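Labels A, B and C are assigned to the chains in the order they are written; within every chain, residues are numbered from 1.
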Amino acid sequence: MYDVAVIGSGVIGGLIFRKLTEYKLSVCLLEKAGDVCMGASKANSGIVHAGFDALPGTLKAKFNVEGNLMMKSVADELGVKYRENGSLVVAFCEDEVIKLKELASRGEQNGVKGIEIIGRERLKEMEPNISDEAVGALFAPTGGIICPYGLALAAIGNAMDNGGELKTDFEVVSIEKEEGGFTVKSANGECVTSRAVVNCAGLGGGKIAAMIGDEIRIGARKGEYLLLDRESGSAVNHTLFFTPTEKGKGILVSPTVDGNVILGPTAKEQADGNVLTSDEGLAFVSKKAGEMLKELPLYNTITSFAGVRAYSERHDFIIEESESVSGFFHCIGIESPGLTASPAIAKYVVEELMAGRYGWERNPSFNGRRRPDYFFKDLTAEQKNAVIAKDPSFGRTVCRCEQVTEGEILQAIRENPPARDIDGVKRRTRSGMGRCQGGFCQPYVAQLIARERGIPIEKVTKSGGKSYILMGVTK
Amino acid sequence: MSSVKVICTECPMGCEIEVLVNGDEISVEGYGCKRGREYAEAEVVCPRRVVTSTVRSSTGRMVPVKTERPVKRSEIFAVMEKINAAGCSLPVRIGDVIVRCVSEDINVIATANVD
Amino acid sequence: MKGNYDLVIIGGGPAGLAAAVAAYDSGVEDILILEREPILGGILNQCIHNGFGLTRFKESLSGPEYAARFISEVEKRSITVLTNTAVLSLDKGKLVTAMNAEEGVFTVQAKAVILAMGCRERSRGALNVAGSRAAGVYSAGTAQKYVNVFGYMPGKRVVILGSGDIGLIMARRMTLEGAKVLAVCEIMPQTSGLKRNIAQCLDDFGIPLYLNHTVTKIEGDERVTGVVVSKVDENRKPIAGTEIHFDCDTVLFSVGLIPENELTKGAGIELSRGTRGAVVTQSRETSESGVFACGNVLQVHDLVDFVSEEAEIAGVSAARYILGGEVKRDAVEVKNGKNILYVCPQLIDKSVGGKVKLFFRVTDTFKAPTVTVRCGNGAVQTKKLKVAVPGEMQSIVLSEETVRGLNGSVEVLVEVDQ
């Protein structure tokens, strides 16, 4: 029997999983997909919010501000790229400037440091490419950017290195409360027993809650994005938001931590988790982004994608033990700023809700640092040569656009959590994420996956399931 | 009398050539060169194509091949079947015969040096 | 590993190979070619179809055969080649940083550098085609590599978006290897590939070509299951109600090539908006003296024969630079006039001497147009064409005397006589 089973391997489940391995526990992470972090954490804006947006007194406000303060050290330990680039909420008329003042005072109540309202001149200095229509902005220096799936992957990998167990392709279909714990059953008939269960199932959070009799409605909202080539990385410095109005929040325009520019998201209610992009959605994003910037290099678009965010009808995070079933914890309805809040939520759930209550002991051999905690591309020539001397595969470039080496790809396939498909390698290494979108490197990555996993190349998938990249041999 | 329009594939110019057929008599108009004229005539009488493909070698490496001369267009898929059934051992050099007499007396030859 | 060479050539494809041979034969023997793939030849290695070399060798060669002719010329000369070697950066001072498994990261100081990195395909993302991210969406060149080099079928029922030459060639290749190609869609009213490829790749096999059509949606959860194709209006916008549905498992994109100039940008070399390659003189010298560019990294060519020709110019010019030193430029600008998409070279350096061949592409289809090169108010050269289409590169030559007489910038324009 496990001490804790965590359902869902997004950034919330992942960081809770890791936090649990700081204690002497046996822990497992259950994921229905073939790889970790396949839901909302895979496809979102990657923004570390400063914390002026959430209403004071909400869990969102509390965990946003706490999470923001924790993010740098968490990213550091896990070797995840993070940059405090600062956020700007841009006003395009005097009415919007009034709204900015409201946001600023909300931010102060929430305890956000350094917020100020700036005028047109200062804004132009900070963002030379800002639209001439902009009249001012709210500047939050503590806003940042991070790779969301990078954070989840690293946390899960680190937890596994510290003894946590991962079970992918484990779609939970039933949960039975029994004497001293729970039996969690998968669609394949596999059973896991655990003393406590944490529900971090994102979009599926309501369904999981229903399995123990809790009725929590979780809605789905799709967001579509465009991503621009790193060549256009200098088009924007800070994360730019439109001033929220009655008509909605608009979209954001931001650099990503890897140097691209991200535009989006749309926000459209839908019944399911489909991540299809639409003509209207992508056109809306292009149009809004064009209003924000003087010059928007849309010709440098390298990809578009959609993600689906879960939200609860409480319009706040649901982070609590089930009222009806003791030992079952919900962490669901984690919409924006959930990524920012994730380290604080993990700390709260494990330390405040669980550890004391169960009398857990700290795990003295826990190592919070993940190996290797560097990005090969960013090393100096001497450092690279030291790595290549030990393992020549780091000297072979596979993805030319993002300069990813064979060594890094092999590492992604071998280390925790292992990449099993093309997209899995891509999320871990950035191979195929550049301007040619895998046109050159995919055949090589597919061969490495086939070799390492001992499967024929026709069995290599793009993203698990039956998403085979090839359909047989030519002759 | 009938008239056939032919786009010449002999070179990148892509000349639009008109072939007039009157019983056994064939006349050609709009060609840019002698090769074009011959091509257009052949297109009406019996079109021919060079077939290019690959043969899987004994090591699994693919060897690019072509028919050393154009084969009848109507024979293309029959030729492909023979190419698909063929194998070869390495190394091969450009011009090595990989399949003999794949159509008429035309051979399939390697078009790359593969070690 | 030697730390300096007279000439470093980045890229061992058709451009790099021809440049190396030409430079060597012009008296520079200390040459290093850096190639990222395991073998020389570049993209020609996967272009196993015939039709290469008609201009240059007066015969129809396959890609590997064409490459082999140049590779054997390189092998005959004492030119150093490093394969499996990626160039990481080029500095302003012609210092090249590269990496491979044997040497690790190393630098080479060059007296002159020739950029010959080729180009890449525009991907689906560049077009923003809506729909799913299912497996089975490939650029035509990736499919070509799978089929021709590795011997795998990317799919069995195929729709191709874009009528670029690689897409047309792949329509035939996939058909020959047993796939069913259902349609080739082209958003423009004319194809972007060569006419002969329409004839021998589509018409021969009865593959329908849909002009003024584009893919508006890709369907499928895990693997592609279908696409929606729509007719477009004169603004290239899909017309509602014209949707055609195809059941297919594969979508290939053949929607254009982009010169791969990341190293060029890193070196601070000026790029042209028209070609997306470096701004060069007729010597193919970039804004950085002693750095030359040729082949598809400079401008996307239709034919490898012209790549070789251009690379030889770059090779000879680099040798002249290495042996004779820098000569002060006396350059006039070449501007895009009416109906011209781009002209390459963008500068004519009068100090070089000799005639100058200007390559250009037009913006639209023109029947029997006249090309004019104007300097000031007067025409310095004219040429009648049978037809000019954007998909086919054209050229016009200025004689040595004409070049000598240029007293300011020139403009190339194309007009149809009224």
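Please note the rule applied: contacts are C-beta pairs under 8 Å (C-beta built on N, C-alpha and C of every residue); 3 or more make two chains touch, one makes a residue touch a chain.
Note that the coordinates shown come from a computational prediction; the quantities given were computed from them, not determined experimentally.
Chain C has its Cα centroid nearest to the centroid of all protein Cα atoms in the structure. C-beta contact counts were set side by side for B-C and A-B; B-C has more. With centres taken as mean Cα positions, subunit C sits 38 Å from subunit A. With centres set at the average Cα position, the gap from subunit B to subunit C is 26 Å.
The distance from the centre of subunit A to the centre of subunit B, with each centre set as the mean of the Cα atoms, comes to 54 Å.
Under the contact definition stated at the top, the residues of subunit A that touch 2 or more other chains are 473-475. In subunit B, 54, 56, 62 are the positions where the chain touches two or more neighbouring chains simultaneously. For subunit C, the set of residues that touch two or more other chains comprises 147, 149-151, 177.
Listing the residues of subunit C that touch subunit B in their complex gives 45, 48-51, 54-55, 60-65, 68, 147-151, 176-177, 194-196, 198-200, 203-204, 302-303, 392. Touching subunit B in their complex are the following residues of subunit A: 473-475.
The touching residues of subunit C, counted against subunit A in their complex, run 36, 84, 86, 88, 97, 99-105, 107, 120-121, 123-126, 128, 130-136, 138-139, 141-142, 145-147, 149-156, 177-178, 216-217, 222-223, 238, 249-250, 262, 265. Against subunit C, in their complex, subunit A makes its touches with residues 226-227, 231, 275-279, 281-282, 286, 299, 301-305, 381, 384-385, 388-389, 392-397, 400-401, 403, 435-440, 442-443, 447, 457-458, 461-475. Interface residues of subunit B, counted against subunit C in their complex, comprise 7-12, 14, 16, 49-54, 56, 60, 62, 64-66, 73, 76-77, 80, 94, 111-113.
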